[in-house]
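Think of it as A, B and C in the order they're written, each chain with its own count starting at 1.
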Amino acid sequence: MIEIDNVHKHFGTLHVLKGVSLNVKKGEVLSMIGGSGSGKSTMLMCINGLEGIQKGSISVDGIDVHAKATDLNKLRRRIGIVFQQWNAFPHLTVLENVMLAPRKVLGKSKQEAEAIAVQQLGHVGLGEKLRAFPSRLSGGQQQRMAIARALAMSPDYMLFDEVTSALDPQLVGEVLDTLRMLSKEGMTMIVVTHEMRFAREVSDRVAFFCQGQIHELGTPEQIFDSPQKPETADFLRSVL
Amino acid sequence: MAYTFQWRPVLHSLPEMLWGALVTLEIAALAMAIGTVFAILLALAKRSGGKTLSALADIWIETARNTPALFQIYLIYFGLGSFGLRVDSYSALLLGITFNNAGYLAETFRGGFSAVPETQTRAARSLGLGQIRTMWHIVLPQMLRAVFHAMTNQMVWSILMTSLGVVVGLTSDLTGVTQQLNVVTYRTFEYFFVAACLYYLISKIFTISARLLASRLFRY
Amino acid sequence: MFFGASLSWNDILFMLSGAVTTIAITLASVAIGTSLGVLFGLARAGSPWWISWPIGGILDIFRSIPLLIQLVLFNSFNSMFRLHWPTYLVACLCLGIYAAAFCTEIVRSGVTAVPTTTRRAARSLGLTWFQEVVSITLPMATRIVFPSWIGLALGVMKDTALVLWIGIVELLRSSQIVTTRVQEPLLVLSIAGLIYFLMSFPIARLGAQLEKRWRIQ
């Protein structure tokens, strides 16, 4: 379980998160929606400690992410993250991209790591591209590779940060299909997205971010069909 | 044309010249290796050192880049005497080229650091890789590609610069050996022509092997 | 006990006259190198491989052999064929050809960086090949390669130090002569270094600034 309690975050004088509280249960799919600059991506970075926080606490399965004593590298094995910019490692083949962390972080043998990588890459539909370098792949394929790379660590949680925003429109579908598949398999996921139809379809709950706070939180039906706050309604009108 | 070429004595002393070529390679390689270490330190000093450190690095880099290499060798050979240090011509040449290499490579490495985007580090850290492993597996290999070409060029410069040793009296490198033979025989053209061929061969062999290595290393 | 004579104003003047020699040789060599470089560069950029490659291959030889060796060879030509050319001419020619070897590649890269479509557009307006090169390609290419050309010119300036080996008294040699009299090598060499720095650094900075400004545009 991910427990977020009254989190505040500043970038210099900018107050990006103003007291966010939220719990995500095992097996749940939570979507974060909201305008750009509303703090949802920053929230994601704070969950696996890529960004620090100034007040409040975040704990994952009871471990305080931002405590000094916490071994972040160890914690991050359990939290996979996929970025808007897929960040493929250009000097490694697709297979090597996925094998790297299981080998170096989990200490698996070459054979084990390769077996995991082949399985995960097959899972996201890249079984044919194992020996290719990322530069030979389309954006959508690189993004699916990034998902396989995170899954290869067999994480308990997956964070997705606007994973389709940088893609050409015709490539968005293949990546969303991969996310759908994961949600059906019962993966616990937090998805920051601008794809409202997708959010409505896969989410158990939807959180609407506005000015660094969760303005409204509820089931997709509640948020999309009968928003309680005027800001939520305004935002939905602007994107739908 | 009144001049008659005499190649036989030159061919006779070819083994000597080849030994000289080995010394040339040795000095160039040493100067490159030590220069690279200093260049990394200089680049780091400019990137994250304090004001004093960064200013000292600037003095080193700008002197290396804005004065002749021969001047730098002179400064070490003649200048260090003022501190009571006797530097022989071999060390003066080696130190001079090292100083020069470090200054030029420091600028190369500064570019190399920024050639690997911050997002790569972020992605690696998010997979649980520590700082050192991220540096070793993700940042360094990509940096190497960014600086490889400039480094091979610098190595060629390094080889060519060794010829300056003769000006401060070095007799063991290729130019030094050639000059010794020249002083004895006065067959200036023949000896230096053969030396030129050897330098050309060394440069070409090095450049071509570096290119082959690059095509094996950087397949992406 | 012997103390070296102290550095006099005359010594400084002597070194400055050495610096003038350095500048004179630099200007002459850069002029020769640039004219030849433009010629060969245009030839390399605009001709079939059986012209372009030999030119490239021959010029590459000059980039792969130490300049010092080239100077010695040029100088020995002079005496072998009893040409009786002044040493200055030998130095300028040798440095000039050496500079041309680099300048050719600079010019070629500049010309190939001018888009073919731009050149075609100019020709389609009825300009001859020569008119197009003079009024379109060269001005555009000049802008692209000017910073590298500055770098080349400064490189030649530093390389002029080597002509002391064939007996020309330029800045470095003049400071060496002063040193033998004054016996303060560090002081005298530092002054020489400062003069080199003052000749090189401002121009290097200017080049870097132009490069930055032109890249933004």
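Criterion: a contact is a pair of C-beta atoms (placed from the backbone, for glycine too) under 8 Å apart; a residue touches a chain by one contact, two chains touch by 3 or more.
What you see is a predicted model, and the numbers here were worked out from it, not measured in a lab.
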item: Chains contacting each of chain A and chain C, listed by label; value: B
item: Innermost chain by mean C-alpha position; value: B
item: Chain of greatest Cα-centre distance to chain A; value: C
item: Chain pair whose interface holds the most contacting C-beta pairs; value: B-C
item: Between chain C and chain A, distance of the C-alpha-averaged centres to the nearest whole Å; value: 57
item: Mean-CA-position distance for chain C and chain B (Å); value: 21
item: Length of the line joining the C-alpha centres of chain A and chain B, rounded to whole Å; value: 48
item: Residues on chain B engaged by chain A in the complex (per definition of touch); value: 119-120, 122-130, 133, 137-138, 141-142, 145, 218-220
item: In the complex with chain B, residue positions of chain C that touch it; value: 61, 64-70, 72-73, 76-77, 80-82, 154, 158-162, 164-165, 172, 176, 179, 184-187, 189-190, 192-193, 196-197, 200-201, 204
item: Residue numbers on chain A that touch chain B, as the complex places them; value: 48, 50, 73-74, 76-77, 80-81, 83, 85, 87, 89-92, 100-101, 104-105, 133-135, 146, 149-150, 153
item: List of chain B residues in touch with chain C within their complex; value: 1-3, 62-63, 65-71, 74-75, 78-83, 156, 160-164, 166-167, 175, 188-189, 192-193, 195-196, 199-200, 203-204, 207
